[in-house]
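Following are the structures in question.
Heads up, the next two complexes both have subunit A, just with different partners, subunit B and then subunit C.
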Partner chain A sequence: MLELFHREVSGSFYSWHGAAWVVAASFIFSLVAYLLLTDMELSLLDQGEMLFTLAEVIIALAIVMSAASASSIISSEIESGTFESLLLTPIAHRQIAIQKLLSVLVIWALLYAVSVPYLLVLASGTNLGPAAVFYVGLYGTILVIGVSLLSLVFSVKMKSSKNSIMTALMVVLILLAPSLFFATSLKKTEFGLALENVNPVSHAINSLDSVLVDNEKMIFQQVNHIWPIIGFTLVCTLVFMIFTKHFEVKGADQ
Partner chain B sequence: MMKSFIHSNDSAMVSGLLVVVLTISAAYTIIVSLYSILLSTDNTQDSINTGSLHTPLARDELQSGAVLASSSSSSLYSPSSQSSSSHISNVKIAITSQQHVHGVAGQFVKIKGSISNTNPNEPVKGGIGYISLVDIGEKIPVDLEDWSAQKGLYIPSIAPGQTLPLEWDVRLVKAGLYTVDIFFNSEGDFTSPPSTSSKIFLEVSPKLNLNPGNVLPVAFGVPAVLMTIFGAINYTRGRKMGIYK
Partner chain C sequence: MKIRNTGFKRAKTIDISDAFGIAYNETNTDNNITTSGLTKAYRNFKAVDSLTISVNPGDIFGFLGPNGAGKTTTIRMLCGLLLPTCGNAKVAGFDILKDNLKIRSVIGLLPESSGFYNWMNAEEYLLHFAGLYKIESLLARKRANDLLEKVGLAAKAFAPIGYYSRGMKQRLGLARALINNPKVIFLDEPTLGLDPKGQQDIQKILLDLNHEREVTIFLSSHALSEVSFLCNRVAIVNHGRLVAQGTIDDLRRLAMGSSSDIMLEIRILNSQPSQNELPNVLSQFEYKTSISHDNRFIIIAVAENSFESTNIIIEKFLKAGLCIYDIRRQDMSLEDVFFKLTEATARKNKNKANKKNGDYLDKQQDYGPRHQTNPSHFQTNGRKEEQQKQQKKIDTK
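And now, the complex of A and B:
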């Protein structure tokens, strides 16, 4: 039933190189956590702020990695000429896409598992640990599903890894821009507010700010942020369902 | 012949996808622009109707902001009973919490006060009550963004002789010496100065979250464990394949 999924996952971690990104991600988390808790100036930050900074890094890394991975997952098979043989198997086309998507979600699951010790150590001494783990998991999962669905569609339709990865990364940058690159004054303009209101990543980051910095941990206090993110993922699911109904059997180099 | 047909199909597909992406981008831009226009229109109408000058964001913050006996304020609100000649001098703001507050960075403190209409005959027209924070050491006012999610509150009116409680939760972000003042600015009154409270002195001690004993095992341990696991898997597979003897 999930042969393709198993093959994808074992293929990803078959060699040392395939798993190198997990170690690289853990080094990034280590660096952020170490600096926050040992640097004289950074350690003056409130622990909520520290946790929020790490949560932002985790969410941003998860989105970028899932987009890069999903946007090349089918186009790379097309480019290497193995996609035709995959289509000859008695697996429905949409099933192929779904199993490929599940393998991308394993990347997020692994990244999340690696990030949990860091969240807990930064929250040590406060009551923010469970909330940080829960909300990072919730927003990370919903956003990664949405971004992966969209990136997979790019991969299916563009048939070229270079083009699909570039497009997916552009979408990711647009999604991350208001939260990571906009100054506070720009965010507070009507354009900034409107952009943040329609941007699921901004909702996730603002909600994490509200939970970890303003201590508003209850789920009902975050409902206004959760619905737009779910809405984004539902729209991505619809796009995915439309574009993965049937794959065309032809290579990119033909 | 076949190849060129596939090529043309490919180009059509890419062009189609580009059209879809451009359409979505255009739709997105239009939605954001319309939303911006709607927001600004709503804000303008609001300003005309109520005479308030605050932005939608500030208004949201004000409404969900500082704690006020909302039931009493709403029950007291009656535009017909408001006098256009209500004077700001009738407003008195008092501090009801401690005048000297000591805390540690990261801690939450409550700033409490009360606003009274000292005139027994006339109500005070609505306005905005807010706090102001000044860093005495740096000699600069401080942006409240990180300090308090509750920045101010809109008070529709204050009945004759009425006293309303005010309360702000303030998170002590950075060590230093600060003063906090509570202000009340009457709406539509552009000539009178705001009413102010006496000062609260805030002394924030630094809290060093230096915790190398706690973070070091995780910061070095997690990558080490991951490298060990993946190294072991790689080695086991290598042995099975005959790469390692």
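And now, the complex of A and C:
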């Protein structure tokens, strides 16, 4: 049933190179946590803001990694000529795409597992630990699913890893821009506000801000932020369903 | 051992009795392939144009054509990898449009160039595909080992595929195509890049499969000797269109232009006859001459396929004092047939294009000799007109 998923995961972790990103992610989390605790200015932040900063990094890293991975997962097989033999097996094409998607979600699961201890350590001495773990898990999972679905469609349609990765990363950049790169003044312009309203990542970041900094931990307090994120993922699911019904390989000699 | 397969509507039980000599025990036992007006069009051209062919169960069917003729596109449509623009086809009794999944469970394909998971070893690779076909693990292992033995990779079964040569990968590709014990196998240039021993091994495997299990084999190849050795029926395509199909003898007759013509290769004991001698002796026949590698004078004559014409030739030679050392019937090789038929369609297309451009050229004008044994290149002694008529017949076909 999940043969393809197993192969994909075992292929990803076949050698230590495949798991190198886990070490890199741990290093990034350690660095952020270290700076937050030891840097003169950053250490002046209250613990909620420190947690929020780390949560932002985790979400951003998760989105970038899942987009990069999903956008090359089918196109790389097309390029290496292995996809044709896969399409010949009696597995529905959408099922192939779903199993590939599951293998991308494993990356998020591992990243999340690595990040939890950092969240708990930074939250020690406050009651924010469980909320940080829950909301990072919730938003991370929904956003990663949405971004992965969309990136997988790029991978299917573009049939070129270079093009699909570039397109997926551009989309990720657009999603992350308002939260990470826009100055406060730009955020307050009409354009900035409109972009924030339709941007699922902005909603996730704003919700984490409200949970970890403003201490609004109850889920009903975050409904306004959760629905746009779910809506984004539903739209991505629809796009995925449309474009993964039937894959076509190129005709020969064309 | 019985494995439940919910993918089939008509019969849901697959009876797998052993690793190689098994057959799907379903009600649909057709191993045939039929296409009807199969077409694949891209923006500005048709890769396959109204292709109608039929492959009988148990056939080893050769699918020939020059590069870009639409062979691989046809195979991909038949395997469900490409959707046709119009027309339809059935493989093993299943419709390529409606029963795509069912087709994929009963066919095997060895593409012209396929990729491999280089980090796996051959056994893992076959087991992975067996898993995708939902073959029970113990049986899958046995079948994988048997196939590796059969394709000659048993000794290297545990080496990473990344270290394999092209020939070894081709053998592994064949093993993968057979892992589900297909009823129909599509092979696109299966022996390309293989050494002679490898070619021979693969041909033997294919013949065994066909004889022991009556697997229908659809073989696309440029190696015409291989096709003529393996295949009982052949189709020739050019520019996406069917040029001819039938047994090799059928195509030979079609290419010869007349079902009653044969070629006789006559070697004489005497040294080269004088200049006027042969035209007198073979006044009723078309012929050409050459010298063999053992310096014997050879005459190749086109005669009607009857005892009388052969006897007339022998009689005339004897009367002229020319002693026949050896006389034998010379069949047109598949290569000759291929070139003759594809050139005929190419010429037809060219003429059509010229007509469109208002620059009509005489059909015969650009028809240059290509092969020695092509009967239309023989010296003419009153039969040229008839040959031209026959040629036109081929053109219109």
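One rule holds in what follows: the second predicted complex is superposed on the first by the 250 of 254 C-alpha atoms of A that agree within 3 Å, B and C clash if a C-alpha of one lies under 4 Å from a C-alpha of the other, contacts with A are read in each partner's own complex, and residues count from 1 in each chain.
Methods note: a residue touches a chain if its C-beta (ideal position, glycine included) is under 8 Å from a C-beta of that chain, and two chains touch if they have at least 3 such contacts.
None of the values given here were measured: they were computed from a predicted structure.
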| message | In the overlaid three-chain picture, which partner chain does A:Leu4 touch, first (subunit B) or second (subunit C), both, or neither? | response | second
| query | Thinking of the overlay built on chain A, is A:Val22 touched by subunit B (first), by subunit C (second), by both, or by neither? | reply | first
| task | Return first, second, both or neither, reflecting whether A:Pro130 touches subunit B, subunit C, both chains, or no partner chain. | result | neither
| Is A:His246 in contact with subunit B, with subunit C, with both, or with neither (first, second, both, neither)? | second
| Does subunit B (first) or subunit C (second) touch A:Gly81, or do both, or does neither? | second
| said: Residues of subunit A touched by subunit B versus by subunit C: which partner has the larger set? | reply: B
| request: Name the residues of subunit A shared by its contacts with subunit B and its contacts with subunit C. | output: 14-15, 252, 254
| query | Any idea which subunit B residues touch subunit A in the complex? | reply | 3, 6-7, 9-10, 13-14, 17, 21, 28, 31-33, 35-36, 39-40, 43, 55-57, 105-106, 108, 145-146, 149, 171, 173-175, 206-212, 214-216, 218-220, 222-223, 226-227, 230-231, 233-234, 237
| message | Which stretch or stretches of subunit A touch subunit B in the complex? | response | 13-16, 19, 22-23, 26-27, 29-31, 33-34, 36-38, 40, 43-50, 114, 117-118, 121-122, 124, 157-159, 167, 184, 188, 190-191, 193-195, 197-198, 210, 213-216, 250, 252, 254
| note | Residue positions on subunit C within touch of subunit A in the complex are 7, 40, 42, 47, 67-68, 70-73, 76, 79-83, 101-102, 104-105, 107-109, 111-117, 119, 128-129, 131-134, 176, 188
| Residues of subunit A defined as touching subunit C within the complex | 3-4, 7, 11, 14-15, 77, 80-92, 246, 248-249, 251-254
